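A short worksheet on the structure shown next.
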Amino acid sequence: MMIQFRGVSKIYPNHVAALRNVNIAVDKGEFVFIVGPSGAGKSTLVKCIYREELPTRGSIVVDGRDVTSLKPSAVPYLRRDVGVVYQDFKLLPNKTAYENVAFALECTEASQREIAKRVPAVLELVGMKDKVKALPIQLSGGEQQRIALARAIVNSPAVIVADEPTGNLDPDNSWAIIRILLELSRMGATVVVATHEKHIVNNLKQRVIAMDRGEVVRDEEKGAYGREA
Amino acid sequence: MRLSTWRYAFRDAAGSFRANRFSSLSAIATVSVSLLMLALFLVVAINLDSMATTLENQVEIKAWLDPALKDEDIGRLSDQVKSFPGVQSLTYVSAKEAMEKLADRLGNQQALEYVGTNPLRASFEVKAQRPDDVAPVAQAITSLVGVQKVDYKSDTVDKLFRITRALRVFSLTLVIALALATIFIISNTIRLTVFARRREITIMKLVGATDAYIRRPFVLEGVFFGLVGSLIAAALSSWIYTGFLRFAAANLPFFEIVPGAPLLRNLTLTLLGLGAVLGALGSAVSVRRFLRV
Amino acid sequence: MMIQFRGVSKIYPNHVAALRNVNIAVDKGEFVFIVGPSGAGKSTLVKCIYREELPTRGSIVVDGRDVTSLKPSAVPYLRRDVGVVYQDFKLLPNKTAYENVAFALECTEASQREIAKRVPAVLELVGMKDKVKALPIQLSGGEQQRIALARAIVNSPAVIVADEPTGNLDPDNSWAIIRILLELSRMGATVVVATHEKHIVNNLKQRVIAMDRGEVVRDEEKGAYGREA
Amino acid sequence: MRLSTWRYAFRDAAGSFRANRFSSLSAIATVSVSLLMLALFLVVAINLDSMATTLENQVEIKAWLDPALKDEDIGRLSDQVKSFPGVQSLTYVSAKEAMEKLADRLGNQQALEYVGTNPLRASFEVKAQRPDDVAPVAQAITSLVGVQKVDYKSDTVDKLFRITRALRVFSLTLVIALALATIFIISNTIRLTVFARRREITIMKLVGATDAYIRRPFVLEGVFFGLVGSLIAAALSSWIYTGFLRFAAANLPFFEIVPGAPLLRNLTLTLLGLGAVLGALGSAVSVRRFLRV
């Protein structure tokens, strides 16, 4: 098991219950869509994987690490194993597109040679090699999103978590991104994608976990987006 | 790997300086202005201390001698007094010299000339090494045969010592207060520049950077703020002090101003050290506040 | 004409040409989709309407105002006539959902009574009446997006500009939002929506302006998203 | 409408204070610390000035009288001198009193007793109203018949005046420098708090708020920072000064410290005014920098 949620609940300080008794197990190399209406708890679930949020109850194990009892100094190492595309991108405003991607490698003490090799390759992969020198505010929404993806995958993490990775992309680019994620999962990465793209989910027939009001309401292999699907 | 890590830290510090020019320059300006104030205060305090020392050194013990003493007795007595611990110097004033001084002081020399005999007596003027030596030295001299009366204006000396002590306590208190204020203002300012970038720190943590890695460029930047700010402060205060020395030489010749030579070099080193340490600590402490993600 | 672009070009300081000789005219009460791949210039075009960006060349007239020659003190009044849903939401971080929406009215010196009447109504409309007291960081991506929409429409602006207003919303919520925008346009507002939602665009058969690399490549009444549509 | 606009401004200022507690408290702390330093400096400068005045007022003109003058002549002369413009007081010292004083000063009274005649002369000790009056008054007295010699230790007086002038110039310069530094530090700090919120300002502008509307809560907040900071500074400096007065009364009875009564009230008002104005201006100017959107 690469990701294991056992009885996980998350109640935010303002008493909003974002997750209620969530049980999930995702294998190494699996590709999972998480779907559900706005506010269902998709982002919260995903944040628990890389410990941006700690659950109120329950246990979470990621890549053999007990996330809930991790000591602070071990957290960065967990996060290096989990590449994340954040819903709001979270690019460093003072670094260029290239530097943002390189940062994820630099802070793992990767060698210069490796950085110089990997970063351009991954920027090319997401179709952003023309914009390497642009700062985030000089990029369009979709371009920022692709940089965020590039950063998430640049150090070949064991787990890739993408929260709405195509929300700001046109259908062509969206498909390109999804294909990259599929390819990575075929190569052994565990990929979790929270998304609203009904069309994409329905077409791919991958595992789908559906959430509603904090609960997992459906968990199907080769599933669909749900309802009038 | 360590080397490239430091290179990244330098590069990132430089990059953030360029990107946040506004707050960086604000921070440097605050550092230099507050250290400049501290420096000016410090040289004033040092001068007050030196003045107090000068005043204290002017305290003299006066020992009137028996008029019956012969010159050789006086020589022996003088040697004896000079050998006391705590005695710095001794000057012999004969009765004649004393009368001349008095006449000088009264301003009407002639009037005294028709006084037939000289009513005054010869004396030793003894200087102590340290203010604290004055009383014991006077005591010791009193017990000598041939010394009629010993006086060191104990009231005045007491008053003087109280004043110099108050002066020292006072200027030291102010220097400490100002130093604390400076430390506070500088670290507060650096904290605000870090505060403006708290979101960046959060992002770095989420991407998997360790606390040490994130802290490094901030600390470098803090040291840079501190060094540049203190360099400016040191240059300005040296310039001002040199100007003041020139002014004082022309207008206040009777004040002994502490010369610039070793003072300004030490001041510069102190400021640089203080700036660097405050910058580093201010940054490190401030970053820590935002690292809990 | 409510919105008129004549020969508008925008070259950003880093020499990126985001708009090239754009000519557009949108009537009062019209509903227009702007589509195009990531980086095509949709957001830039939209930003020129409410003067977040000034064009390098060309003239823009919005609601009778010459946008390019507006003096700074008149800009706020233009912006009050144009309700905007920003691609990155731009909610005030220290104000609650309610306060964020109310702010748009407060700064126009609307009466207290009116604020107390309109804000809850519009929050109800976007399905956010449960979250009025939450701060932006306490809201999910889709919830923030709906608050942004509520703020854009609360003072019944003559022009509504929505940049990717459903990028973070599930299909149901997306349709609900689009229906609100359609309704507002039927009531007389001019609505411009930049979007990637092929499904929605193809279903509604409204006017579609397609862009690519800064140019308007297609402008059709009752258009479709384009290509394999 | 105006009323509710101000209400919103107050509410928003309070809200942002709560939301940005960290930077708000930093700003207040910096304001109070730097104003406290300014206040301490100011009371020191005021005391130095008052001491200088005291010293200047101790300058005396000494006029030795012809021993042949009769008591009535002396009375007439005394009246005449008193009527000169610039004369504050006059004390008559007879030859006998002068000898007693001298004996006192020399410390060996008996020694002088066998001097048959009194070589000293009677004198007037005249005080001038203002330091500048000393020279002309001395001049006027010199020309009187019956006055033999006039002395006002012109060297000493000159030296004293140079010292007091230097003291005043010096403390005024330091006060001005420190005031400028304080203004700079406070406005810089407020600028950094505004800087941390520049994104908010951009958003407000995009939503259609006018510059004035956006500025208002920031200015209110700045005034609040300034007032609270200066209130703290005023309270602390009053407390410190009161403590110092008590200390001085016990340990430095010969110093005339400026009493606290009107001084501290004026100081408090000055600090409050300065704080409020600096807070308002600092905010207004800083916000303007980010309004160009």
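Just a few scattered comments:
We call the chains A, B, C and D, going by the order they appear; numbering starts again at 1 in every chain.
The rule is simple: a residue touches a chain if its C-beta (ideal position, glycine included) is under 8 Å from a C-beta of that chain, and two chains touch if they have at least 3 such contacts.
It should be emphasised that the depicted structure is a prediction, and the values quoted were computed from it without experimental measurement.
Note on connectivity: the fewest steps through touching chains from chain A to chain D is 2.
With chains reduced to the mean position of their C-alpha atoms, the one farthest from chain B is C. Separating the centre of chain B from that of chain D, both taken as means of CA atoms, is a distance of 23 Å. Between the CA-based centres of chain A and chain B the separation comes to 62 Å, rounded to the whole angstrom. Spacing of chain B relative to chain C, judged by their CA centroids, is 66 angstrom. Contacts between chains close into a ring here, every chain touching precisely two others. By the definition of touch given earlier, these chain pairs are in contact: A-B, A-C, B-D, C-D.
By the touch criterion stated above, chain D contacts chain C in their complex at residues 1, 4-5, 8, 15-16, 19-20, 200, 202-211, 213, 293. Touching chain C in their complex are the following residues of chain A: 12, 14, 16, 35-39, 42-43, 87-88, 133-134, 138-143, 145-146, 163-164, 167-174, 196, 198-199, 225, 227.
Per the touch definition, chain B reaches chain D in the complex via residues 22-23, 26-27, 29-30, 33-34, 36-37, 40, 44, 64, 102, 106-108, 111-112, 114-117, 119-121, 149, 151, 159, 162-163, 166, 174, 177-178, 181, 184-185, 188-189, 191-193, 195-196, 248, 251-252, 254-255, 289. Contact residues on chain A toward chain B in their complex (touch as defined above): 50, 52, 73, 75-77, 79-80, 84, 86, 90-95, 99, 103-104, 106-109, 111-112, 151.
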